[in-house]
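Several structures are given next for inspection.
Note that chain A is present in both complexes that follow, paired respectively with chain B and with chain C.
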Partner chain A sequence: MQMIPSRPPPPGERGLVAWARRNLFSGPVNGVTSVVVGTLVLLAAWNLLGWVTGGASWQPLWNNLKLLAVYRYPADLLWRPVLAAGTLLMLTGLSAGLARHAGKGRIIGGVYWWFTGLALALTAIAIPFWESVRVAWVAASLLALGGYAAGRLAPGLVRIQTWAWAVGLPAAVVLVYGLGGDGPMEVVRTVEWGGFLLTLVLASVGITVAFPLGILLALGRQSRLPAIKGFSIGYIELIRGAPLITWLFIASLMVPLLLDVSPDSIPALTRAMVAVTLFASAYMAENVRGGLQSIPNGQREAARALGLSGWQTTRLIVLPQALRAVIPAIVGQAIGLFKDTSLVFIVGLFDFFEIGRRVIPSQPESLLYPGGVLLEISLFMAVVYWFFTYRMSIASRQLEKELGVGER
Partner chain B sequence: MNLHAGEALQAGGVGVDLREARAMWHAARNAPREKEIRMRKLVTLVVALSVVIGLANAQDSLLDEIQDRGTLVCGANAQLPGFGAIDSDGNFTGFDVDFCRAIAAAVLGDADAVEYRGLNAAERFTALQTGEIDVLIRNTTWTSSRDSEVGANFAPTTFYDGQGFIVREASGITELADFEGTSICVQSGTTTELNLADVMAALDIEFTPLTFESADQTFGAYEAGQCDSVTTDKSGLVSRSSLLQNPDEHVILPQTISKEPLGPAVLHGDDTWFDVVKWVTFGTIFAEEYGITSDNVLEVAANAEAPVVRRFLGVDGEALQQLGLESDAMINMIQQVGNYGEIFDRHLGADSQFNLDRGLNALYTDGGLMYAPPFR
Partner chain C sequence: MSATEAVPRVAAHAPEGGERIITIDGLNKWFGDFHVLKDIDLSVNRGEVVVVIGPSGSGKSTLIRCVNRLEEHQEGVITVDGTPLTDDVRNIDLIRRETGMVFQQFNLFPHITVMENITLAPIRVRKWKKSKAEERAMYFLEKVGIPEQAHKYPGQLSGGQQQRVAIARALTMEPKVMLFDEPTSALDPEVIGEVLQVMVTLAKEGMTMVVVTHEMGFAREVGDRVIFMDAGQIVEVGTPEHFFENPQEERTRSFLSKIL
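What follows is the complex of A and B.
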């Protein structure tokens, strides 16, 4: 007996043409829709490309990149935030390298390469054009690549990984803020911060602090102790009852009043940070509560029957499953918060969006361009926001897959 | 631009903070009357309290505090081309900003010893009331309620603005009566819009207002022929008209339908500091009147014979010391920043892209309103 060799499918059943036929032209209505929509999309893309390469004035954007990145951060100290970025990339690289060595770490590796790619691209621009941060960017790139190489080549470093983060994170903060004195490490007060630096600081502090707070509040809301339960419910409902912009105003005006100090003694950045964090934690709590409620009570009872304490039950049985179930919601909130930080303009902070939308178009030079420069800047800001939020979105998808959300 | 309901409504017409202004305006308009009064009482109370506490804590003037601190905290605008903007290096620059620099130069001897707070229209008076800033120089219109209810003291006006109209030359519109049956583009939520309605109603002129969110949209609609005219502050009309495709085909009508005197403001209750801000502002005008510029001030100080000039520059007499300043305060100020005419030309006039006429802002000797009392 002889097997008949399998033959390729008849032409017209595979390849681009077949795909198009199946997906775009499966009937007269679909065909017409495809042609019309396709033409419109192509036309729009063509016009956009024409505008981007011909009509738009990119000079103001190029001139103002420093303003968009860090606002009034002193120009001669710019190497500090750049090195801080390098430090963070080095740490991420170290962890990514170590994880890769152990055959894991698709997620952190993805994040690492995404942002290292950005750092390398900026270094390539800095070498010919940005004299003041040329060396800093090269150093940052070397740090980033070095971290990854160390992780790959020296698996023994896994023992100091936690320590590296514990030292490196504060070091990055100190680099940006400064230590004191008049030398290269002089303090750069937060009123000078702005632009993308401010957006990143607000978003990362907001997300990292709101996460544990949110878990505590969610657990508190389910507590049997009336005081804790009452406080949690009151807090969550109060905060969620008013828009972020209201809390920003309240934090900005009321906090100094309530603490009976002059407004100068609490920097605007701190006040905004408090408002953003408290606001995010209330929403985070509700996200986590959704996860907690998805765990059937039988699991708790089973855990107690096995002799686990209440805290052990929560920590080992309930929370891991609950958090896994709400990853999409949490990441969604993180992405939202990242963009919501653009509201801080209301308390007089100059974040990335504010600088792009108002400060640069208001420079007298910008008025020399017919129609202004808002369109160009807006397009650029959209790309930057997208670059960061899209990466968060990919990481969330990978995390869901790895943890098997939806397959429980 | 006078305020009706919201202090948020602010002077500069060139597309600034309109969203907040609008929101606050609507909120204030819709609020019940007594609530508003209660709110006002509360604000007054807070201001009064802070003044009392300020007096109780220290008899010292803000002037001493600023000299101890070594920096002046100045509330400025970051979003009004020509008046206050942030350049690509992150430095504040503009007509208003130069008055911050002038005060710093006079008080501290260094025009760069200023810490700027970029304020939007909504927060500027709060910042002044809470003491976050020492002086507010942010194209702020001097009005009676700001003097009384808000608790501000206004130094001399540095810029006389007013609402005007731009029209196509071919349209034949030369006076307000010609607007009968026409359409006028205006930014929504501004006092410009309210002034326009008030003035046209008083003259019984029928017209169609077309409102837009931003200055860009307003002028875009005008250029596209959707309306016969645009109205906003004249300084804004001038700076924007240079952006029109054929600037020569448009004229700005000579009529002005509102008063917008813009100037520095400080908080009530500190006369020593108020005097300093007032007389530094006068100093810039005085210097121009007597031909003292940043180039020749040292020479004038060395050679001047006129007693009035010698007193002004601190060569003779105690006029400056009586204000709490050093005797070289005015020399520093003029040398580092310049006289009023220099400041005007640099940011708004002949040396700038706006090329604004001095108009009402000329010296009184040239038919304007700039007039400084004597230093003696």
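What follows is the complex of A and C.
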């Protein structure tokens, strides 16, 4: 028997016109809607462009960038957080370069170039305009590019990769916090921290600590031991029962009371960090639990039948599958936490959002502008938040796709 | 049949003279109030192939799942290769190490490759070196006929190939007994043969096997004994010839007439 050969599809199915006909003008109602909405969007975009380039007052924002970035962090020590950023980019670059050399690393490479691009842009601005951090930004950019180059050109560095991170991460923390003494490494106490630095610190500590805690809580919730199970359920339900702002209050006011110490002996940043982390871990636990429940019991049985212990089964078989099933939920939570840190103003911290919302608009020179500068600052903050959360979102999608290899 | 009436217990013991590897005495199990296994007496000799048949819900899968403690029993004594199956975790681990199991749904680990699926337990449980585990894994992959699939993920394989990987995974642990829980029931008809072929080879090489299946052809070709179960008890025991030519019990005849 003769097999029928495959033919190309009929014409008019592809191309821009066909796409528009199918998606925008597939009927009279859709056609009218498309025209009306399209006109409104174009109009709004035109007006926004006009305002951004003409009507808006960007001078206060430009003058206060340091405040937005780090708040009261001493100006003459600003090179330290800049170098810390450079160190982190160097480590990311090293890993990205090594992965690239091995023909992998699309995800970490994407993250690296995204933020290195930002660092290079800031360096380009710093050279003519920001005298105090000019050298620091150039150094940070060189660190960032050097890390990648080293990873690309010297694949043997793969052996020290873990060590590089193990040394580099604490080094970045020490750079920001200080070592002591009166010299260039004097301690900058956390009450001086603020702005985007504070937001980043809160969000990254919150996520990295809440992640393992959440996994433990989720496993605890499925435990056969009543005490562990009861504690996990009680904790999760209690924390989820009240909004973050409540827990920030409680951490701020009640913890010193419960520990019978003066409120000042625990820095506000520490109290906020604890509240954010404990709060995030309860939600993380529920996300992870969703993943655990999606794993068929046969997986556990097969592992046990092979002689793996209960803990090996959880660690090697159940958790890896459960976590990749809930990557979107976990990244969604990370993005949410990143933005939720804007609530820490309630305990007296000046994070990125608080400085933009209250500090800058209430400065005397900001008040000179008719209508204030809140709109300009808000737009800028929105772009900054977006720049970070959108990258997380891309990485999440890439990760999902990559880990989906061979998924049934 | 009233509860007080004495019921004749059908014991399915292996022939005398062989080396007992599985012994089950007076096994009873309940799921909640449901009495799923009733007074099971069964033993298996080294090198024997025992086929367990019966209608669905008769308890045959539960029976073999009790042997490696995937199900916990309430009454009776189970001994595997001299190790009594107690609540002692060390005994359970020991027994699981010596019993391979093949499941109806394959239960391969989808997030790791075929090779990793097979070498995971030998490396983690038997503490073999990775090189030795991989060498043994390739040996068994060749035995089941799919060495070229070693570096694929389970999801990229057909059902028949997946089940053959599952068999290789169990064999690489070098178990003394293999338990098969309806290994061909989830397979497309055209690939059942390739899995059965592997099992026949295994049986002919002297592997001790307990097989829950509906494949009467397999039972006839390599089965030493066939056990018919219904409603949680052993109803009839005999050679394959006995079952196919001269079954004694009415329930056995009625079941066989439906599936043959």
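Following the convention adopted for this analysis, the second predicted complex is superposed on the first by the 389 of 408 C-alpha atoms of A that agree within 3 Å, B and C clash if a C-alpha of one lies under 4 Å from a C-alpha of the other, contacts with A are read in each partner's own complex, and residues count from 1 in each chain.
One rule holds in what follows: a residue touches a chain if its C-beta (ideal position, glycine included) is under 8 Å from a C-beta of that chain, and two chains touch if they have at least 3 such contacts.
Just so you know, these numbers come straight off a predicted model, no measurement behind them.
More residues of chain A lie in contact with B than with the other chain of the pair chain B and chain C. Shared-chain residue A:324: touches chain C; no touch with chain B. Of the two partner chains placed by superposition, A:78 touches none, neither chain B nor chain C.
In the superposition on chain A, A:136 makes contact with neither chain B nor chain C. In the superposition on chain A, contact of A:276 is made with neither chain B nor chain C.
Once the two complexes are overlaid on the shared chain, A:89 sits clear of chain B and of chain C alike. Counting contacts by the rule stated earlier, no residue of chain A appears in both its interface with chain B and its interface with chain C.
Residues 14-16, 20, 78-82, 85-91, 115, 117-120, 122-123, 126-127, 130-132, 216, 220, 239-240, 242-243, 245, 352-354 of chain B touch chain A in their complex. Listing the residues of chain C that touch chain A in their complex gives 68, 70, 93, 96-97, 99-101, 103, 105, 107-111, 113, 120-121, 124-125, 152-156, 166, 169-170, 173. Residue ranges of chain A in contact with chain C, taken from their complex: 296, 298-299, 301-309, 312, 316-317, 320-321, 324, 403, 405-408.
The touching residues of chain A, when paired with chain B in their complex, are 63-64, 66-67, 71-73, 75, 191, 253, 256, 262-264, 345-348, 350, 355, 358-359, 362-364, 366-368, 370-372, 374.
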